[in-house]
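Below is one structure, written out as structure tokens; the observations come after it.
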């Protein structure tokens, strides 16, 4: 029986600084042991506990797509301001070749079967875009693309410097099998793209709720204002999905920290539909 | 005990008046618990509530900590026994409470009984302060006449050899569960977050290691030096009965000797650890 | 072999640390058991540092600052004195040998005094033997 | 099987059991009775009502190392702490506590991912239950309310009852019988009279009634779900709560834990240790956001977890009515009263 | 994981002879996160510095540890190197293996193992270091001088000399201070006015100096380089812009007031200019003695003033001044001798104090320079009593330093102007100072009677006929050991120089400390006698301690220089190693606010957290240790860093 508390060794094979503040980096990790890699079967929306001995563990959403073979990617923000978070800070100091541990995959993925055959509206804000990126890349993969209807992506950040996955966004824009809308709250001299808050942009874009599912991740404030937009557009709460964040330790529903009512975000989440959240007590 | 019934009657009446006149928004006192031996802290917000107030020999819990939950500018009445009133004074010194927000219902409470042990609470386990040092209404007869020094109880430990004393504290502190009842029950432990909850630096292991517990308690003793008003709340709250009051008493005694000031006696005082006198000498380091 | 104590020193930058430098420049000899941390002022010293030092296995802890009144920051060591006094009492009442903790005011000009104090203190701590009470036992 | 031994020989038995593996049994010190790992047979007492702390620590230690590691140049070297392998005996457990192990199994074993630490200790441990016989229940106990009887056998492998001057040991499970068989030498066969006595005692014990309250799991669960948003109610219930962790630490069914890496010099360990949902920083996120920042929210979490969420997840209430939380609460908060109040709503 | 480089210095043989450098380097190379460890004969030499520079680049180091001499020696050097190599200077750690190892033992093993421990500590600490940058603020070019006595005048002139704006704030109607009251100055006996007046005029003429007389400092905000001073200009009732100083008003004024300048020995008009050479030559109305203000009619001055400058309704006005530095030269008060009843001042008209004497001697004084007593008679005998209230545990323990000399001066002048006997009653004769001892010797020639002993009392109770009508001074002559009674006509008291009565208030305004005598406290008694605990505020003259004119002038010049050091540069760098508050962890206990000697932490009531004005912070860490929740983080000396260093030091 595999001990769920013991991390598997992984090695950093690539580090990309996503934003000009260097506060957000994407780490590409490769398993040290093949069998671990085989055991690690995940889908977009799941997360894992990244472990650094001497510092601790930190739950991070998986930013890569299972369709990308041979590695995992995690986009990590250096947590804490005055008092930096131990794990994320240590991680940010790590470079190619360094090793750390990983436990997972944990939690439930975006409900792929449920999404199949539907039009997907992906809405993300800031660095909460990670598992959405995974989802988009998953859906765009040649084996999967046809399983889904129209795919549109709305992604926003406070300013151009804070947009993650810039290169990838570019390549998405080139494609004709999805429509991408990247926006920033406030542009700079070089910025030629859209300006405006995500909710507003969504309102203007007004995607049809016809056979459509909205998948939304972002800072609370963004969620708060985006939801009504989609409700207004006629999306049913079952068809609006999001991913919750809560303080976690074990990641397997034992330590009793991340529950919302009877549901553990780590085990029964992090993915929830608005309808499910409505049934849960307001405890998050 | 009729004396307590008397006090209880006065308390209820006083509370009613204050609430009726709208002088205070709430009265922090004691109410009935699951039985008479176990009264609970209770907040009366209406005249009707006031009827639920209780005062008897088991109303030992120092309520002053609850004042921290009251927003400034709203007048609150609270029951204070001797030590409790000192807590109020100390917290006023530390600008944590404002005198004008408080109506103090003083109770000169002697013959209080420890709920767990059934023993009378005296200068052994507390400062033995019976009469409130500060109050607006006195709900009972002040008691005078000499009481034994609260530091008497330290003698055995002081004469004890250092190794035995170390063993003594080992035995006591090693039982610590880190439930933090001591700090949560202490009216002076208002820090949020407590140094123990800091991640940078991690002053002590979060897990209940022996060394971590020692670090926690020694540092807490330090933080309370010259501030502890010896109400005994910490020790009575401890589920494993660690006699923390002994250490607090010792430091209280040292502070009095070295800095010539006892905690929570006068509003004008400045807490001794954030103060100094030009007359301070190196004697204290001997 | 006979016991060589580990002594942790915390010294203020302006007086004691400079005094230590003077001891060096004047080639005074004193035992090497002392390892010093430099802080800007003795008032920077948090009593928990002292507790921690003992937990880390220090057999003795020596604090050095400017003479009260000569503090580079005016009143720093006046507060420090009170804090360290209480620290001493705490350690003592907890059952640690009082001789293991010492506070000395040593000015920048008192190199010889620094050497004396260290020599004396080291000898004293040596006499007390290894500090086992607060020291954290750990494998490795 | 039913075996017996003279009370005087208890120490012999204990000695024998110690040889077999770690033995945890009630020990009395000036601060009351608690379960401790026994070294001297004389330490064990059977004259007690119940322990201050629940015996859960035998399966779920307050702190245990998961991994120990050494940091240094390059990669840290880590080694996983092996799971326990020694057979363990837990003697003198009161029925409500014994039943608590069942409840905890639901979480640690029942829900998808199995907790190896809990499992191994459960598998390795023989529980010798010690039913309440001729014992007036403590004022704050309320195990009857939760359908637990004073002589409830659930969770025990062996039952131990006193018969004037003698101790009767009743094997209830294979594990239990195996142990009795192993120590057969020390025991004498029980007589028919003993059988009678045992049954009578059980019957007698079963009649004990504690504070009682009808809290059918389903009804309680939905009751609390409806009450969740009633802030006024919870604020009133939590008015006195100082949000220390005492109740959760003495509780036999509280299982929340924290995991942290702790180092000294280059050595360190990843530890898991008891945590409490009553602590301010329990749910504090790095961002500074805290979903349960208020005292009433934390008390509500504790109560609802036991009397609502647990039921929704596992169909059972995760409380055994042992009364410990009430007994050791510094401000005498009584969960029984809270539930009673809730049911009235 | 950081990338640390360790550089161990031989310092020629200084280190290498006792510390086995190579072994140490091997040890360092093996420590966590150390990517390179090297040794060099003189790391501080140019090639040594290059070695560091190159390694930073080559191994792309993010931490540098130099094990060499004391940080107080070369920390700056190595910080420069790393900055040059593009590594923030605060990521450099110096390990002192010379002063603390090689020089203080002969035992190689001891020295080497200690060196290792120290390096290990540095490695533990270095891993937690953070890059720091010092904030730069603008400096306001102007300077404010408070007090228009000789010190203030001197300082103002010095600063104006380099074309800086100076505001000279004086409380009375004229600058000049005590010195203007003096007649002659010891030991040279040149006339005080003759040397002071030119300076006063220079002030008036100097376009860089703005003179604010009859004004007081009401409030001071801000910090070094950026002070905001609120000045209160008391109503003069004379529009000084219109007034041409013809003084017709003064002549015509019927009302009289006591002359402060003449120490009350004389009267002055209600509208007045304090003294002939006063600067500015503009009168003010003393409302206490003005008939119009007392009775509601008169207004004579208004009628005679052709300029129409009189303005009875004038009110106190306030003015905001910005300045980069402040010089405090508020001077001293002469001790009030009335409370010392044994000397009978105020009881016997024959008893005078020093400043009254100055006026009596002065040709512009109440008596036109004739030494006559209140009854108009000339004294036949005068006793000068030293140390009245000075060197006296019951009053002021300190010595006022100038009394001996001016008492000698008095004796000389008395000899010059009267035929009477002159007695000096002194404890010790203190004549330290250029030409002072000579002056004393000169007086010894002048038939002055020196009696070594402190006067016990002055009385008019006579014991024999020849004492009739005299004041009797009783004294224990410590030379003869005899108790003597000296009958004299006139007694002169030389009282203590004391801190200004309102010095504490001024201290509060500027956040200065005062010593136990109420004088302003200098930052360091020897090395920073003109600076104070508040950056940018300097002190000069007798507000710091009693002193004579030469010392005062010297201090004033020094203070001017100090102030200029601040304001000459447009920008100034603030400490990088300051403290800040992690608001999330602040428990609002305000300990930091209570303990800080610089008033840097303040309490933000609406946020309910403490905050730190880093411009005022010196980074001592006093507040950090006082903070129970370790919410205060002292940059470069954080709790983590210190505890980590301790861990490293204790590991081996």
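Lettered A, B, C, D and E in written order, each chain numbered from 1.
Operating definition for what follows: a residue touches a chain if its C-beta (ideal position, glycine included) is under 8 Å from a C-beta of that chain, and two chains touch if they have at least 3 such contacts.
Not measured: the values here are computed from a predicted model.
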{"item": "Touching chain C and also chain E, the following chains", "value": "B, D"}
{"item": "Where chain A and chain E overlap in contact partners, by chain label", "value": "B, D"}
{"item": "From chain D, the most remote chain by mean C-alpha position", "value": "E"}
{"item": "Label of the chain whose CA centroid is most distant from the centroid of chain A", "value": "E"}
{"item": "Computed distance of Cα centres, chain E from chain B, in Å", "value": "46"}
{"item": "Euclidean distance of C-alpha centroids - chain D vs chain E, Å", "value": "71"}
{"item": "Length of the line joining the C-alpha centres of chain B and chain D, rounded to whole Å", "value": "32"}
{"item": "Junction residues of chain C - those touching two or more other chains", "value": "47, 52, 56, 75, 79, 83, 136"}
{"item": "Contacts with two or more other chains, residues of chain D listed in rising order", "value": "71, 258, 260, 264-266"}
{"item": "Touching two or more other chains - residue numbers and ranges from chain A", "value": "83, 85"}
{"item": "Pairs of chains, among all present, that meet the touch criterion", "value": "A-B, A-D, A-E, B-C, B-D, B-E, C-D, C-E, D-E"}
{"item": "Chain E to chain B touching residues, read off their complex", "value": "516, 585, 587-591, 594-595, 626, 628-630, 638-640, 643"}
{"item": "Complex contacts: residues of chain B adjacent to chain C", "value": "157, 162-169, 195, 203, 211, 214-215, 218-219, 221-222, 225-226, 247, 250-251, 254-255, 258-259, 272-276, 280, 282, 284-285"}
{"item": "Complex contact set, residues of chain D against chain A", "value": "66-67, 69, 71, 75-76, 78, 80, 83, 107-108, 111-116, 225, 228-229, 255-261, 263, 268, 270, 272, 275, 277, 282-287, 291-292, 297, 301, 304-305, 308-310, 312-313"}
{"item": "Residue ranges of chain C in contact with chain B within the complex", "value": "47-48, 51-52, 55, 68, 75, 78-79, 81-90, 92-98, 103, 105, 133-134, 136"}
{"item": "Residue ranges of chain E touching chain D (in the complex, touch as defined)", "value": "30-34, 584, 647, 651"}
